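These are the structures, in structure tokens.
Each of the next two complexes has chain A plus one more chain, namely chain B in the first and chain C in the second.
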Partner chain A sequence: MYDIEKYYQAKDVEDAVRALEEDADAVVISGGSDVLIKIREGKLAGCSLVSIHGIPALEGVRMEADGTIVIGPATTFSHITYDSVIQKYIPALGWAVDQVGGPQIRNIGTIGGNVCNGVTSADSAALLFTLNAVLELTGPKGTREIPVAEFYTGPGRTLREHAEILTAIKITRENYRGFYGHYTKYGKRNAMEIATLGCAVHVKLSADNMRISEFRLGFGVAAPTPIRCFKTEETVKGMAVTDPELYEKIQEGAVSEVTPRSSWRASREFRLQLVRELSVRTAKEAIEKASGGEADA
Partner chain B sequence: MLKIITMTVNGKETELAVDDREALLDTLRNRLGLTSVKRGCEVGECGACTVLVDGEAIDSCIYLTMWAEGKHIMTVEGLKGRNGELSPIQTAFVEEAAVQCGFCTPGLIMSAVEIVGTGKRYSREELKKLISGHLCRCTGYENILNAMERIVEETYRTVNRE
Partner chain C sequence: MGVGSSKNRVDAWEKVTGQAKYTADLMPQNLYTAKVVHSTIANGWVKSFDLEEALKVPGVVKIVTCFDVPDIQFPTPGHPWSVEKAHQDIKDRKLLNRRVRMYGDDIAAVIAEDDIAARRAADKIKVEYEEYPVILDPEASMKEGAPLLHEEKPGNVIAHTSFVLGDGSFEEAACEEGLAVIEKEYRTQPVQHCHIEVPVSYAYMEKGRIVIVTSTQIPHIVRRVVSQALGIPIGQIRVIKPYIGGGFGNKQDVLYEPLNAFLCTQAGGHGVRLELSREETLGCTRVRHAFTWKIKGAVREDGTLVARKYEAYSNQGAYASHAHAIAANAANIFKQLYQDEKVLESDSYTVYTNLMTGGAMRGYGIPQGDFVTECVADDLARAVGMDPLEFRLKNCVKEGYKDPHLGIAFHSYGLKACIEKGREYIRWEEKRKAYENQSGPVRRGVGMAIFNYKTGVYPISLETSSCRMVLNQDGSMQLFMGATEIGQGADTVFTQMAAEITGITEDRIHIETVQDTDTTPFDTGAYASRQTYVSGKAVKKTGELFKQRILEYAAFKLKLPCGDMPLGEEKNAEAGAGASEAAEACAESSAWKRLDIKENQVIDKASGEVLLSLAALAEEALYSLEKSVHITAETTSHCKENSFASGVCFAEVEVDMPVGKIRILDIINVHDSGKLINPSLAKAQVHGGMSMGIGYALSEELLVDEKTGRPLNANLLDYKIPTAMDTPNLHTDFVEMDDPTGPFGNKALGEPPTIPVAPAIRNAVLHATGIAFDSLPLSPQKLVERFMKEGMIGAESGKLKGGETHV
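What follows is the complex of A and B.
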């Protein structure tokens, strides 16, 4: 038995919002792979839960008429990885969420939970940053949209208000079309591990594949929240992919924009070294994919 | 609070009153007597409690029984043939000596059911990733991978012969 004081299963989003409004201490549970473990460890023992598990409107991936890809927040990691729309248009996201935990965790853990936890180490977050994903929140006052890059306010803190539910993750066409991406996770083990550092890149090349027309660089665990390196992105725009200075600029730029901390997992110095190394490796991989035109996105 | 739910466990429709704090692990092991479902770490790290929910392998220690309403649950007990014979996956584990103390075995076998069910061929490296949610504290991973490789290959051949 879990130490749960109160449990309410919401019928739909509206019902969940109402239940959250009535209970100021309630915690939202979706897949359960974080919340139930926190209850077991005592951090959330005796909590009150509002479950949004199994609400059909929150699950699945679809493409709208204008090409916007809408990801239901309660879609599990494995369902994202194997989804045909994701595989075709944003394979890097499918790859990134395939690095979370282990197979059984990926069968229950959800992308919305990964984002709403507000942790910097979320494998989906850095990647969603490079896709300029927009988060749709539904609360008592209706629906609002927030770009993912503005969503995080600190470690474990986000702009989501108590009675709000994340109801969609949207990626518009101009943010994935022509882009090629990659994600590199560094951890001490290959599985069942929280990222020591995560690096995401999405790149778009000029029509002749010679120059960088857009470059997006995101990190997890390189700051108290996931971040984008906007300055670095600007400095490499227009550079030739063969320019010997390209990777140096990416590396030096990235290091100047991140603010990693020392934790029991790794020191600040080691994380800075990882930022240098992973930014280059991930960018190379993304540029290679873009030059090869592997996926016709 | 108790709620009556209906789920299909190993092919049998089962109705029972469930407490909303109950983990699927507790329900299966303590109330339905399915002791192949092992209580290990209880935080989704070791995979000893792995069962299939609608064909997908999950850690039953971090799954509320409430969520199983209307779902199909499968444990190792459900693999048994009509006359008690072992399934080909279990036979592969026996023949490859992929069992030492046996505590991780039922969980690994359930993951194998999901993996084999895809009918795809996997490399040894891919299989390592696919069983990465299981810990074998006897460290007998080599034989486990041998068994997995064997059954994946056998199934792939059978499927493609048909």
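What follows is the complex of A and C.
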């Protein structure tokens, strides 16, 4: 039995915003895979919920005329993984969200919830960072757009205001075209897991596949929020894929940019070792894909 | 059919379709809900409560605190009660405790109209404590001046037992020139059973008696303990056990039934339900005891095991529960599995701490004992450069072994045959050689571990079991067992046994799965690996008597002449002569011995001729105007036998050193468990045990905060049970030998599969990496830290850049 004081099912985004404005303590619920757990644990016991579940405008993936891919935040992980646009243009995102929990969670949990929950371990977040995704928020004052890399302000904290709803996740064409990506989730087991470390890479090679023309490296759980390693990315830019120093640069750069902490779940030293190892493994995988020229835009 | 066939489970259909009724499915409407209030300190006293705000919560019926419960201390383990005071279980807890001995101790309970009201009230209860320092390990607990946890046990030591086998001391034996000597510490962690159904019960009063419906392995013992805890006569209590979703030993402890019964009396006899959350189950019920060992071993260059010294500390946690029985068992396998040429010194301590309470868990101390025994075996073999399999063949327990203290023996011995089967399957020599000289970051290895395991608890405890058979008027049978089906397949194998003995086919045997202490014959319950062995004997004994009674009636109905000559000859001899009167007398005679039952027909034993259907006989027996008999049989089997089962696990692993991950490439358990009653169920039993062993080896560990004793990962996200994605294909094999003491040639299989897995994996990692990990679990961080320390990985290792695959 869940301790829920009130439950309001919003008809549309506008209605949800209005309901949130009316109740300063209300919590947005979509799939519920984070919110219900917090209620059960007691952290949100007795709360009021505003549900955005089932609002059609928030679901599905589409491509706009300019090639921008728009992901409805209420799209479940399973739907993202099996969406044809995602599979064709950003398969690494489909793969990353397929690492979440187990099949049941992926059938109910949504990508918007994953992002708005604000935690560093969100499997979609590190990957969205490497795609320069832009988040569209709709609130009482209208709509605004925020790059995902600026959205997180601390553990469990984001720029989303109380009465705002995440209404779209946008990835423009120049941010996926010609890019190849990979995500490595490291957990203590192979399913039903929250990442001990998540590493995402997107890479674009020169026309002859010889050099790195763009390299994007993102991490989850390597800092209080998901992060990008911008300095490392700059260092690597232009390097030959066969350069013997390439992976050393990636490894050293990554370690210098992350700030993992020690907890009973994993020590800082262990996480740094994972950063060292996974940055290389994930980059190799992405570069291999890029060289092989699978999936394209 | 009968024994030896892979019959489908008798409850398969009900369980698969969801029709099987578990405790929560049976709850009537309008029960009150009870919520236990747990302490938020680990050591100290409850000084007072402030209940004012809590009592204001709408829907609260009553709040009962540790100041309101009877001043009675009671024991909780599911042992047969000992009529000798010295052997009785330790009585060291009350229904609710003022003296707090663990984080999450039960200090109060809210009774409310529903779950939410109960929880809201529980959150509003304010508690004032007096706090003492938190003690989490035996070493700290045994220190002079440590706070006393139970005043009955000075020094916090529940028990210290020791023995010496052989002459002299370890130190003297180790003086011999040329011996390799090891001196090491080993450690195992607390883990939990994680049965899928949490502890759940409800209690109500009826005609002045308390009825408790509960998910337990031991209904008759629950009845006794409730009686002890509440101080009311046992006849006033009725315990009903429906289908249960697993127990693995946690429900071989009387957990919350006494409190549930008490709360029911406090609510005027109104029904009260008490269902734990998963978090409470992990944090507040029972765990597998954590152990630390100090071990010395001496081995001659030719691989002869010369001497060992064993010193064990079992972390009991807050309450005694099964107490020193676990540590004693662990010491037993160290003694039994290898015989030292000169001497074995053994010391075991069981010590109270502020950790979760250790209780019974599949294997009962032997998974711990086997871990240390089999780590030591590999470490000793390594010390003299001997192949660990050869070391085992040379030193392990031999055919004909009898425990010098307990007298338990191998009445059938298949250990070495198991080793041979496993060796062949895993291709031991080939892989030991192939993985000899690896240098990459990803390395492979093979390892093994053997074990032996006593089937029942005789002669340490009483073994008693009862069975009742009733003939229905259509010739089918009702079968009542005191022993409990807890998911292990007991109902199915009992049905097969009953069919084997009586000649009534399985489809006509209706076993009652619900144990109800008002009507069920007595049995101490499902624990040890005793059901097919001990309770199987009860089925056999009852079945024989039942069959005799049927055949006696058949002899009467068939008007057989007296005597036990073969049927045809008698027919000729006494044809026609005043048979009716004679037949009456013959019912008491031995005429029935000429008959048998086969596939529901009474037959002539000698010729096989069908004489009478059981259906006709049963109908006649009940309704006969001449002689009406309700044919039933009930017996108790007091088992005074025991036999060692044994087996081996072989594991092949791949260690990804830079990220500390172990992948099991192949794994097999080979078991010497006597004759299999149901080969499919036996396999399934082994699969489950191996899965449990893999979790024990790699990922499971209950963690508590060192300062406060608060559980850190008492939930199934942070407590890492292996998922399907983490579980390799599990291979099983058996060496089937007829054990003369088993009712059908069978011996233990329930617990054994979980025993050898962890040490086999540990030894495989040792082979792969050259690193001996001496504590469980083999968690990634532990591996990475060690590999970094050894300079095998990390920023400074230089030569080992990541991402390489196995070479």
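The working rule: the second predicted complex is superposed on the first by the 297 of 297 C-alpha atoms of A that agree within 3 Å, B and C clash if a C-alpha of one lies under 4 Å from a C-alpha of the other, contacts with A are read in each partner's own complex, and residues count from 1 in each chain.
Simple rule for what comes next: contacts are C-beta pairs under 8 Å (C-beta built on N, C-alpha and C of every residue); 3 or more make two chains touch, one makes a residue touch a chain.
It should be emphasised that the depicted structure is a prediction, and the values quoted were computed from it without experimental measurement.
> Just checking: does A:276 make contact with chain B only, chain C only, both, or neither of them? Give me first, second, both or neither.
Once the two structures are laid over each other on A, A:276 reaches chain C alone.
> Regarding the shared-chain residue A:53, is it in contact with chain B (first), chain C (second), both, or neither?
Once the two structures are laid over each other on A, A:53 reaches chain B alone.
> Is A:70 in contact with chain B, with chain C, with both, or with neither (first, second, both, neither)?
neither
> After lining up the shared chain so the two structures overlap, which partner does A:1 touch, if you call chain B first and chain C second: first, second, both or neither?
both
> A:9 in the overlay: touching chain B, chain C, both, or neither? Say first, second, both or neither.
Only chain B; A:9 stays clear of chain C.
> On the A-aligned overlay, A:105 touches which partner chain: chain B = first, chain C = second, or both, or neither?
So A:105 only meets chain B here.
> Using the superposition on chain A described above, determine whether A:192 touches chain B (first), chain C (second), both, or neither.
After superposition on chain A, A:192 lies in contact with both partners, chain B and chain C.
> Let me test your reading of the model: by the given contact rule, A:36 touches which partner, first (chain B), second (chain C), both or neither?
It touches chain B, and chain C stays clear.
> Quick check for you: in the superposed arrangement, does A:264 touch first (chain B), second (chain C), both or neither?
second
> Which positions of chain A sit in both the chain B and the chain C interface?
Shared contact residues on chain A: 1, 3, 102, 190-192.
> Within their complex, state which residues of chain B touch chain A.
The contact residues of chain B facing chain A are 1, 19-23, 26, 42-45, 47, 50, 53, 56-59, 62-64, 66-67, 111, 114, 129-134.
> Across the complex, what residues on chain C touch chain A?
Residue list for chain C touching chain A: 114-116, 119-120, 123, 658-660, 699, 703, 705, 712-713, 716-718, 720, 722-726, 779-781, 784-785, 788, 793-795, 801-803.
> If we count contacts the way the header does, which residues on chain A are in touch with chain C in the complex?
1, 3, 42, 45-46, 102, 186, 188-192, 194, 196, 247-248, 251, 255, 264-267, 269-270, 273-274, 276-278, 280-281, 284
> Touching chain B in the complex: which residues of chain A?
1-4, 7, 9, 32-33, 36-37, 40-41, 51, 53-54, 78, 101-105, 107-108, 190-192
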